[in-house]
């Protein structure tokens, strides 16, 4: 007997978004918004936060940016509980762990708070809407494409990821591996997935290790801004510069130098501030009753225009931007 | 800084009306003292009378609340030991304080190492100087070996060498001989006399009055922090001094009662610990006091430690009442009825931060608890009983033992072991640093224990103590048993000869 | 000792003495030996590992930790510990980067000086509290670990300084080399040699050992214990500050999290390097080698293709093995010393 | 009388006063939210694991040793729960098994410290990496989250009729046990003696090695228990759970007035320290104080604590003897 995985069975039914939405409801002003990034002091989320603030300013909401100083799985729970106790109207968060925060989010939602996740989602029944920066498939496919182009379609390559637990990273890596099964990538061989823990030094050393471990390595994909910057810095100052191709996700400000000195030719990213902006509008739309989070509902996101909610409450920001020597100077983030 | 003293007999250092309190304890009140060049001055008093406190005032460790300290007639305020040293005062502290990780030579010259070009330390000169110093003391210690692992006596020797190396005008010695055997004491006195001839002033503390009379010409007696007498020693007898220290006369010092030895309680067979002692065998019988004599470093303490299980034996066996003891287990030794008063009370005997009562009960935790829980009332009763029996001088039983005077600390160690009612009691220098009155008390206790059938093994460097107390004397020489002398044959000469390895 | 006026040096004791003298060196040689074995073994499996670029990377990776280990050793020798080094490094790295980005024209030395000054300020704070308050340094520096990191957070305010904003001179200090040896490695080497020499041959250096060996005795010996301990913390702070500036030079991208958790790595390096954690013995050379060994091991694990998830466990196991072997060897040594003593 | 007064002049008393001050200031600043049942429930949940681990760790530190691997043991037990759950074990078997593994982890620490005489700081820095590494080996990058609600609901529900979280209830029971063990038993006496002077303890026939070993084993087991609590209340078994928690626990113990050199400290003080750190943190977050300030305040509190502790204690200086 006993409580086993099998006996426990499926649980956690979807709390259906049954309440009726009123697409014509006015966007409420004076909402209380809590923005909870994975960790404060993370520059990427600081830029996202700018978008949150910009959106909030447009409909006179009060924003509180808060969060833990370390991105551990459970460290956000305290802040979620606090937001609930402070009777905040909406919570915009990027989750460190999709499960650990779920119970707290459910409690908070039961008290009437609207929850929008961005960047990294949580269990579906613990939030109202997830604002995805890009379509997971699209960004993964894009990176494989960029790499294939950079190394001429054949050879060994490695992936330098963030932490081993990062949800979005793992989703992308899954899709990349499926993409590699396609005939046009038959010559590409993924030899290793390394984890730089989103830590600059670790990523730097892991890059170095990859190059030593695989003498025939032709390229690296780093789908994380920290990893890409570190890998570029290592390549740029080593004798592998120009011989090993690099691509992935990065911010223009960090990568500008390396694109210009030909350490890498191209990389991709969405605009983080827009992500925060969109998520905040989605949150406001929820709080105003314009949407409930059900698929097919539409809302207007300020100057970004109209967005529709897709499958399982997901809203996609849009296609990623590819940065190259030619266009990089047009971006500043 | 050091001016030559114009008048040869003018005091170099003088204390005037000095008082020092530790919280409620008045360690010194209105004490005055004169130290003159070329004079050895004894400082006497019972345990806790305030001798070490006075010395620490001289050394700049303690700042007195009242009173003046004069050097060459000028009032001075010492803010730390460095000031006293700069004024030409060198101190040998009661408890050796060495740097275990550093070499012997560096211990002697810390902060004053000879330098060579570029202000770098000249190691060769350092070792040569220290070796010369040791030669002067007639000591064979390697200047380059680390100080860790030296016996208490060797540590004391290093302290002495340190003080001598200063070319000080005043040398203060707080019980320097407590851990030394007569031979070393003699050598120390030789050096001290040479210094006296050169006009150095010496302040000497000891509980051995014969030594006091041998070296000193003047004395000051303290009782409870107050000065009771100061004057020339000429014409005085030890009894005079004791009466002043204790406030009453004392009877015989070594009241060993005769007892009939019973069956063998402890049998040590061919005990060997490589490099330390070899092939040591002996028996202890109930009701018997056996002394283990020998020169310092002969390995007596090591044998005792091994018997008690602190150190592991490489070979040999200890049996208590026929049952072999497991090697290296003090707990088993205690269960078999052995008690052990170690030689180094600070490191081995006491937990300095813990209270008197906790220390007294530390070896009796089992007896003091029921169902694993300590019964505090019993613990306190035990401590109080023994504090009275041993005439312990203390303010509260809950005070940390660290604030007790050296001799009183020793009494707490004794209380801790005597309270267990051991069948075999090993005491290593049990009266080290204990005043005359209490020493008599300890001897009476040991002798009573023997009369009650306890087997006592006593390690002592004090020959009169050995001869006065022992039913049998075992003499060790360089890690081996050199002789076994029954009481009748144990004369001062016989023991000394065997200890030096010169007799059968 | 014996009472007879024996000749000052008996052959047996001379032997013992030399043995002890060598013990320290044996320990350093031991680590160096292990290091060679590790590198050679890995190179056998993967020849690329022995190429100049790879060796250079090994040295470069170890250099900042080794530098911190030098400062830490000076503190640990005095029976103290400085857990705040990671935070000091972080603060110094960010402030240096921020100022460098704002004032790009200064000579490189000026940027390093900024880092060092910040480090000295932090180290002085630690030193003052420890020596004036006479409180355990572990607690104090655990507290300042939070305080300095908090200041770092407050100063950075969630932003980041990128390589593109930093002056070229500073960056080339981080990536450049002299005769094939990276600058950072040279700086660390210099620090090791200076500290080693100071601790070995100068009175104040020896006094640090004395303090760590027996603090109470040090007071009685007239050593200005408070001042020396204070100075040790100031030096450790200065070195951590310098390491922060070098961190900026090397990594180019700096945010407020730089150096988080580094303190345990540094302490581990010091311990592996044979420095007694309770003071009184050990050398900076050993500590620096310890740092090199630890970072080499983690480098090797990557190269040998040890799966990512196994690397940390293996590192931990090797760390334990290292201190165990060190302990067993020194126990053996002590035993042979005892046997020779009476020989 | 003077004795009584002097007895009151202790750090523990100051801690309790500080706690009261935080409670008063807290309810004033947050309009009562701070002392509301719901917030106290959250506060209790937040400090649960730290309070649990602090209990045995206090004993270890009093004995003059330290265990920095506690958070890794927590992570390892979390990973183990996830792995075994995936393998189809019933929770009723997993939980005791995890406790045993935690005890084993503690035993490894203890054996390295006692039988080889290695410094515990070094040993547990090593096992900190080792145990966390093993957790990664077990569970890698995956998270296990599908635990039955009957086992995880204590993370969102208090003990019926109160605001007490279940982990605090467990903690209270253990606190009584550890309090008696440390302060009223002969085992505790031995622990204090070992911490204050190991050699003297050995010369008194105290089984130093065995006592230390027992303490490490207890610490391992309780850290594993904390791992169970952590895993179930977040319903998330991951290898990186509790990363970095060791410094928080050590900070709380030290704030509670335990001497890092061993031989001195009280369990009551430690519990007050845990509450003070947790309570202040909770209050500051509730009061929208920035994370930077939070970090600085934590550090300053520790500094103030150790300084105040020193000036309040009437014990003479010279107690810097390390273990």
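Just so it is clear, A, B, C and D label the chains in written order, and each chain counts residues from 1 on its own.
To be clear about the criterion, a contact is a pair of C-beta atoms (placed from the backbone, for glycine too) under 8 Å apart; a residue touches a chain by one contact, two chains touch by 3 or more.
Here the structure is a predicted model, which means the values were calculated and not measured.
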item	value
Chain whose average C-alpha position is farthest from chain A's own	B
Averaged-CA centre spacing for the pair chain D and chain B, given as whole angstrom	44
Computed distance of Cα centres, chain D from chain A, in Å	35
Distance from the mean Cα position of chain B to that of chain A, given in whole angstrom	73
Shared-contact residues (touching 2 or more other chains) in chain A	40-41, 69-70, 164, 195
Sequence positions of chain B contacting 2 or more other chains	none
Of all residues in chain D, the ones touching two or more other chains	136, 140-141, 244, 290-291, 294-295, 318
Inter-chain touch pairs (all)	A-C, A-D, B-C, B-D, C-D
Residues on chain C engaged by chain A in the complex (per definition of touch)	46, 48-49, 53-54, 57, 61, 149, 153, 156-160, 162-164, 175, 251-253, 255-258, 260, 298-299, 302-305, 308-309
In the complex, chain C residues that touch chain D	79, 129, 133-136, 138-140, 142-151, 153-154, 215-216, 261, 264, 267-268, 271, 276-279, 309-317, 319-320, 323-324, 327-328, 331
Residue ranges of chain B in contact with chain C within the complex	59, 61, 80-82, 85, 91, 93, 97-102, 106, 110-113, 115, 119-121, 131, 134-135, 138-142, 144-146, 153-154, 157, 181, 183-184, 187, 274-276, 295-297, 478-479, 500
Residues of chain D touching chain B in the complex	3, 180, 184-190, 192-193, 196-197, 199-207, 263-264, 314-316, 318-319, 321
Interface residues, chain D side, partner chain A - complex	33, 36, 38-39, 42, 46, 85-86, 88-93, 136, 140-143, 145-152, 155-156, 230, 233-236, 238-244, 282, 285-286, 288, 290-291, 294-295
